[in-house]
């Protein structure tokens, strides 16, 4: 019963098979291969416009390279205090950008609100004594398992646009959000004002593959130099691209995400029905945050469950994080609920 | 006939199979998995001492993270002007180290000499006006296909040691050098004064996997933080470790390297026997540098050969680089020589 | 009636005279001169222990160089959200440290509390996913004109010490705090656990001179390299040292600070006595924060007063900042109060 | 007999007097004062076009901030191996630029030649594997006391322009070169293709003041942010500007430079006439490089002379550097020659 993270599981068989197919013969290095070219076409189709794509291997690389491209060293990135770039990347955005600052806001459910962003930005005068806010970063779905609506994204982007800021989306769990909303990839991104997307695949079926996507290729600027210089340009890039191609083929990405979300839904419903348990945040994607009595947690762990404590409550309960992946066994969900009920 | 690079070929079947094996079930993330633990043991065995290991995906990441650990921002890295860190990483060592300087020397065959290193170091006074030389970096085998003897490595390391400098080896083609020398991994590294090694696998059969190895684990310092912060800590690290484990199992790394070196040897001998052709550097590993008449180059390319021009000679000849990999078809070598002879 | 800042006024005549004296003849460059040597001795006397000193020209340089010495790129600096390093240096600490993070807390009166620091630190696990808190930075006197007691400093330092963190004091207004407390420089610094001090002089009578002081010279590490590399090593350093020497001679620094504090006291008392006016923070050093009715502000500005609005109240009042310097004319204070009363 | 450096002497009396004048009353901080405004006008007059100016306190700051503005982190600066940015700034250009690389050429007399620059640039392909040459930096007068003609500057700038590179001039000894050539400031800079100038005053009569001048203000980009962020924005900037204003008033800068050059000329002629002495480089500005017999050096030092050895010859002679400043006593020159002759 591993609910510790969606990166605890391996890759989809289709993606492994694609690696073997990509292995035949020789190919041009550093992204000049045929698979990478096909991937660019596929992503342009999916997003309904010509995009510039840059495969990388980790989400931290994707986020940091994207933000560094949008944000000069004296810049600032408005983001949520619970976002991965703030809490889990050991300062990678600062490293890649040459020391830009994360301007972190605390709003409910890990979702930025227009009011909070507007109020924060009002404190920046634009003189040389302060960092200059140059980017807004949204996480979709969020670190707390919630999802922005397209209208919410658009409202936040519009505020950014009004300050000449660019908008980044950390889509480590992009597919999970997308199937929740039921909208198109274009609607959830550039049509709502997103400039650059960290398109995640690793948590949803790849072995290690993400893709930075610029909706206006001109915005990519010196991204290619930054990627190389950071050691993120793979000589045998076809093996990144092959993962991503297989991820997108036959809507594998969507079916994987749907499965993970359904498991999370099942888990949330099952837990919420138990006495003494309440959900900490709406379970809209593939993560469930639930307040559990402390002894229930102990019991679950004794039964073999793995998960993280997120916050200690003052009422003897713990907010725990339970993450489902495409490969989480369905019986584990049932078993978890049963153990909790016991 | 692809002789453009050893990264033009894919991975060994054994390594692909290892990925499939590693894919089963769930595992701890970020290197806390069983495969990574086994790999550490295996590398300690191979190098005959307890080592600290850090798998990463690219050679540029391995080199830059290693050098940044040895070298403060005000430091300097003595290295060869033809080394990969100088010519092919777009300033990655400077990026990772916070702006340390590469102090590049020009000596024959891309091999540093004790005299040249000593003379250069004599110019550094150790005051605050100059960068402080804190590291020496050697490439084994070199970018020009040559190999340092263990005695040469030891002599250079000793000079470094006398100045309180640490020694790094860029071993992107470590196995190719090792089988050429016929010595042990320990002899070619820490017994000869190497502190940290970029142990390459990508060019010799992996899809994308390298390993930074500190022979004194205490020297690793904040490497783990640096790797994370640079986006090079893989969540599903088992897939890097599985590649490396399979690479080392049954001496695959050595047999792959032997094969590549033999092909290069065959190619060098075949070309050197042709009128108008001379070797530019001793072909000791898996790369051949040969001066070919310009029309011979044109003819070869028309026949389908891919390779890089390295230098334009004044005598109507071109120095070309021809790299063999473990997967280079032997018949391509024969065909290349025949085409050249025609 | 210039109450905009204590840097709006020039230098003490004694300091200008010292520049003229220092100008005679030739001298060794880059700090090897006699004046700098004497200054080191004088500061060791004042702080009652052998200190390592590094004159620089600006407070931002002093703070950033000091913090970068204490804090690796993956480190974090616990500090107040209102501190100068957070609000007024455009990310200089991030620039100098290679991207370390400021961990900013919001507590009353711009003074960190032991509880808040302890609670924040409890959220850091020490793994590679988070920045590692390695330094604590206190501002004395604070940006809101308040002063830590020696006991408060000691309590905060002790928490830091318990986490292997080092403690920095931003003493841009060190003298103002010192004369307020009436303690010794040693008591307010190393005896209370401070490791490194940005000793300010510019705001209190120098033209442009600060001094970074390490109470344990071994902690200075590579500070000298950092200073040079950042362009803050003056070739004619005697002119910085001469300012500082004159600043300390005959307790000029203390009498200047006393004068500024007294003016602020006078101003605070005068304003607080007016109907509709309340102080926003205790006026313990040379700055007064007062809530004034909006039309009173307008009237004061029409009368020629210069000062900054700090915050817009919801009750039609404005929190204004009024800073007194050693050279603020006493009649300006009286005139300001009279204008406010009118 | 101090010939160690032109920074061994203090400031011109006119400049000290200007500080006292600037000290009266209060003034706006951070460069919003009247003196800085006047200085901008004066420099625009002198350079015969509207320029953007940024006073800073050290030459290293001026050079590094200017280069960082022209050069992205993945960029490269073509420059001479003997230039100050290469040999004497401890990697400051790398620090400020985020790790850009200095591409250093070795040509006679510390002067770049068009052929050498062209040949070097031909090695850069413009792909992501190499740093991208984005700036050319010339030193006028050079570190070896020589001076580029305006035609030489123009020829080098034109090569740079052809590669979309910008051109920087390190004018730490700008005035010394100018009076040697007898041309106008405009002719030696923007009319010859210079984009940005580090205009030096410290070595020629200021206490510590330089000015970065952009001939096209639009090129200054985010310079103001960079200066602030690096701790080089002075709160009491009027004291930098006052130095520079007095430096330019009544052509003090030119008369100081003329005096220093004349002393150097005298010294060069006197030494060159001695048996066993030859000049190492043409003495065109205020520095003399001369090969002296080793015992002559010892004798001179015993007589009280201070100077640096630059290079040890194989013929028992030493290349010494002798720098004259505006304030070097003329009798010291005579005494030095007499001692050498003895």
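Each chain gets a letter, A, B, C and D, in the order it is written, and its residues are counted from 1.
To be clear about the criterion, a contact is a pair of C-beta atoms (placed from the backbone, for glycine too) under 8 Å apart; a residue touches a chain by one contact, two chains touch by 3 or more.
Since the model is a prediction, treat every value here as computed from it, not as a measurement.
J.: Which of the two pairs, A-C or A-B, is linked by more C-beta contacts?
T.: A-B
J.: From subunit C, which chain is the farthest off, judged by mean CA positions?
T.: Here the answer is chain B, farthest from subunit C.
J.: What whole-Å value do you get for the distance between subunit B and subunit C if each is reduced to the mean of its CA atoms?
T.: Going by mean C-alpha positions, subunit B sits 51 Å from subunit C.
J.: Could you please state the distance in Å, as a whole number, between where the Cα atoms of subunit A are centred and where those of subunit B are centred?
T.: Distance between chain centres, rounded to whole Å: 34 Å.
J.: Where the CA atoms of subunit A average out and where those of subunit C average out, how many Å apart are those spots?
T.: Each chain's C-alpha centroid was found; their separation is 41 Å.
J.: For subunit D, give me the residues that contact two or more of the other chains.
T.: Within subunit D, the residues that touch at least two other chains are 73-74, 89-91, 95, 98, 128-129, 225, 228-229, 233.
J.: Considering only the defined contacts, which subunit B positions touch subunit D in the complex?
T.: Within the complex, subunit B contacts subunit D at residues 73-74, 76, 87-91, 94-95, 97-102, 128-131.
J.: Along subunit D, where are the residues that touch subunit A in the complex?
T.: Per the touch definition, subunit D meets subunit A at residues 30, 72-74, 98, 128-129, 132, 222, 224-229, 233.
J.: Quick check: in the complex, which residue numbers of subunit D touch subunit C?
T.: These residues of subunit D touch subunit C: 2, 4-5, 7-11, 16, 19-20, 22-29, 56-62, 64-65, 89-92, 95-96, 202-203, 207-208, 225, 228-236, 238-240, 327.
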